[in-house]
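Next up: the structures, one after another.
Next, two complexes with chain A in common: one pairs it with chain B, the other with chain C.
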Partner chain A sequence: MPKWFTGAAVLCGLMFAVAPVLIANAPYESTMGLVQKIFYVHLPSAWVFLLSAIVCGVASVRFLFRGDPRQDRLAWAAAELVVLFGLVTLVTGPLWARKAWGTWWQWDVRLTSSLMGWMVAVAYLLLRKYGGPGSDKLGAGLALFGMANVPFVYISVNYWRTIHPATSVVPTLPSSFGVPLWFSAVTFLLLFVLLLRLRVRLQEQHAALDALYLSMDA
Partner chain B sequence: MFARIVWLVLRKDFTVEVRSLEIAYTTVFFAISCVLVFAFALVQEGRAPEGGAAGILWVAIAFAGTLALGRTFERERQSDTLRALLLAPAARPAIYVGKLLGIVALLLAAELLLVPLVAFLFQAPLLVRPGWLATVLLTGTIGFAAVGTLFAAMLVRARSRDVLLPVLLYPITVPVIIAGVRGTAALLQPEFDPGIIHFWLALLVCFDVVFVTLALWTFEPLMTD
Partner chain C sequence: MMLRRLVVVFVLVVAGSASRDAACVRAAEAGSWDPAYVVSVLSAQQPAPTQQEEFVPIEELPPQDQLPAAPLLVAAYSFVVLALFAYLVSVARRLGAVQHELERLESELKRSGRR
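Moving on, here comes the complex of A and B:
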């Protein structure tokens, strides 16, 4: 592992220990009360969810047109993180929605397309696990279509009337809400980088092991 | 040249299909069975659930489409003719477009039977605005088949392709199905609102453009060993 990994892992652990304190000390939002605190987990995980989908898509395109196996390993690792952070987003969202909208789930554009993006990532992992030979290229094609979905998710709220808060809310937040939010976002981002590096390394070692087996047979 | 290859691929598929009519018969019969299952499950004491017809029509199209896609490429695999097709000195995108047109034609033929059947079993006024309905069905079918043809072609070499095709296809084509269902449902409303139809049709056309462009762009690298 690179030298920075241990230091970054310790820092990430410390930040995850500090984040709840910051979130607990943030003022209560007037209408939502305690439930509003879900926001500090939901929004950062949603950002990282979209970021992983973009990383997966870009790496897939590069793999598809250049054939670099390192990009394929990156795409696979990112797809796993799409599923992980997507799950956090899709679990915390309904918890918030139950209080804010009075219902667990609404078939609005943003919720629907997020769920769709998450399902594409699950399909990608199923394909990579059970598709057999040739599934690396196929997966890259799938990820490309999945990535086409991301900008659609992001702008959908601004173009269609929906009950999901728009993306323009974030810059207008007062700093008492903004500081814990951005701290939490950086923490999630760091976790994303660490996990991505860890999974890519695992794939590298799998590839190295396969190469060793092949050289033994030869 | 491009158009000629498209025409040749289409004519080849058509000739092979006309000899046995295997895919046409099985797809149409499967689609009809789907609609009948929905009718048994949902129509009670002669009364169909309100607004169900549009959804059932599109679910039947999606299921039958998956079956047809799987069979079309299975046929190419059995005698390894896909390899021959790819070895031919022809532009890959043209081969893709030829295959796509074949699937779209087959699905449109199935829809010709499905629409009256759904209208009859679910007492839905589907045929009141035939022009609009045909446009929604055509754009929706192209969007669904554009992704389906690409994925089915890629899956020819993969293991467990029968299971993987629907697993990969449905999450990607959900927006097409949603727009198709909403557009069709808007046609069934007693007060006709062209604005709503225009919105869903515009969305369907957007998806068609994005999906066909992406498929044409990726078909070549995806089909190369």
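Moving on, here comes the complex of A and C:
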């Protein structure tokens, strides 16, 4: 593993220890009260979910055009993180909505497109695991759909009627809400980088193992 | 007459759309543009706010209002921690298994003299 990895992992651990203190000290939102504090994990995980889908899509495009296996490994690793952070987003969101909206789920554009993006990533992983030869190119094509869905997820709340808060909420946040949010967002981003590097390392080891098996057969 | 109509229109605009429509119909039916008549129609439609005379126990609220926030918050944060930890353990175990397999193969190749 690279030298920076250990230091970044320690820093990430410290940030995860400090984040709950900042979140606990943040004020209660006037209409939602305590349950609004889910926001500090829901939104950063949603951002990382969308970022992972972009990384997966960009790496897939580069793999399709250049045939570089490193890009394929990066795409596969990022797809797994799409599933992980997407799951966190899709579980924490309904837990917040149950209290704030009075319902677990709404089939509005933001929620439905997020679910679609997550399902595309699940389909990608299933395809890579059970698809056999050629599944790398097919998976790369699928990842493009996942990436194309990202801007749609982001802008959906501004163009369609929905009860989900609009994107204008974050830029107008007072610092008492903003500081814990951005701290949490940086923590999640750092975790994403670390997990991505760890997962790429796993792919590299798998590739080395495959090369060894091939050399034994030769 | 014109001034009266202006006063009535002002009252109706202030009253809001639903009340305005109903009051317009009633005023047109009565053929009256008397502001006092329109105001009386509007005031008859709007229920007076009821004064709270007693505290309502939380059990009598609709289910969504009774819901406590703390279990949802705890569930959300617990899920985040467990999901991230489980993924980290999963990647570490897979990495360990592949590393172990690599070492085994490399030593096997060395023993057989192919490397």
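Following the convention adopted for this analysis, the second predicted complex is superposed on the first by the 218 of 218 C-alpha atoms of A that agree within 3 Å, B and C clash if a C-alpha of one lies under 4 Å from a C-alpha of the other, contacts with A are read in each partner's own complex, and residues count from 1 in each chain.
In the analysis below, contacts are C-beta pairs under 8 Å (C-beta built on N, C-alpha and C of every residue); 3 or more make two chains touch, one makes a residue touch a chain.
As the structure is a prediction and not an experimental result, all values here were calculated from the model.
After superposition on the shared chain, chain A has more residues touched by C, the comparison being chain B against chain C. When the two structures are aligned on the shared chain, A:T112 is found in touch with chain B, with no touch to chain C. Touching of chain A by both chain B and chain C, each in its own complex, is seen for no residue at all. Residues 64, 67, 69-70, 72-73, 75-77, 79-80, 83-84, 87-88, 91-92, 94-95, 98-99, 101-102, 105-106, 109, 114-115 of chain C touch chain A in their complex.
Of all residues in chain A, only 64-65, 112-113, 116, 119-120, 122-123, 126-127, 130-135, 137-138, 140-142, 144-146, 148, 152 touch chain B in the complex they form.
In the complex of the two chains, the chain A residues touching chain C come out as 20, 33-35, 37-38, 41-42, 45, 84, 87-88, 91-92, 95-96, 98-99, 102-103, 191, 195, 198-199, 201-202, 205-206, 208-209, 212-213, 215-216.
Against chain A, in their complex, chain B makes its touches with residues 147, 150-151, 154-155, 157-160, 163-164, 167-168, 170-172, 174-175, 178, 210-211, 214, 218, 221-222.
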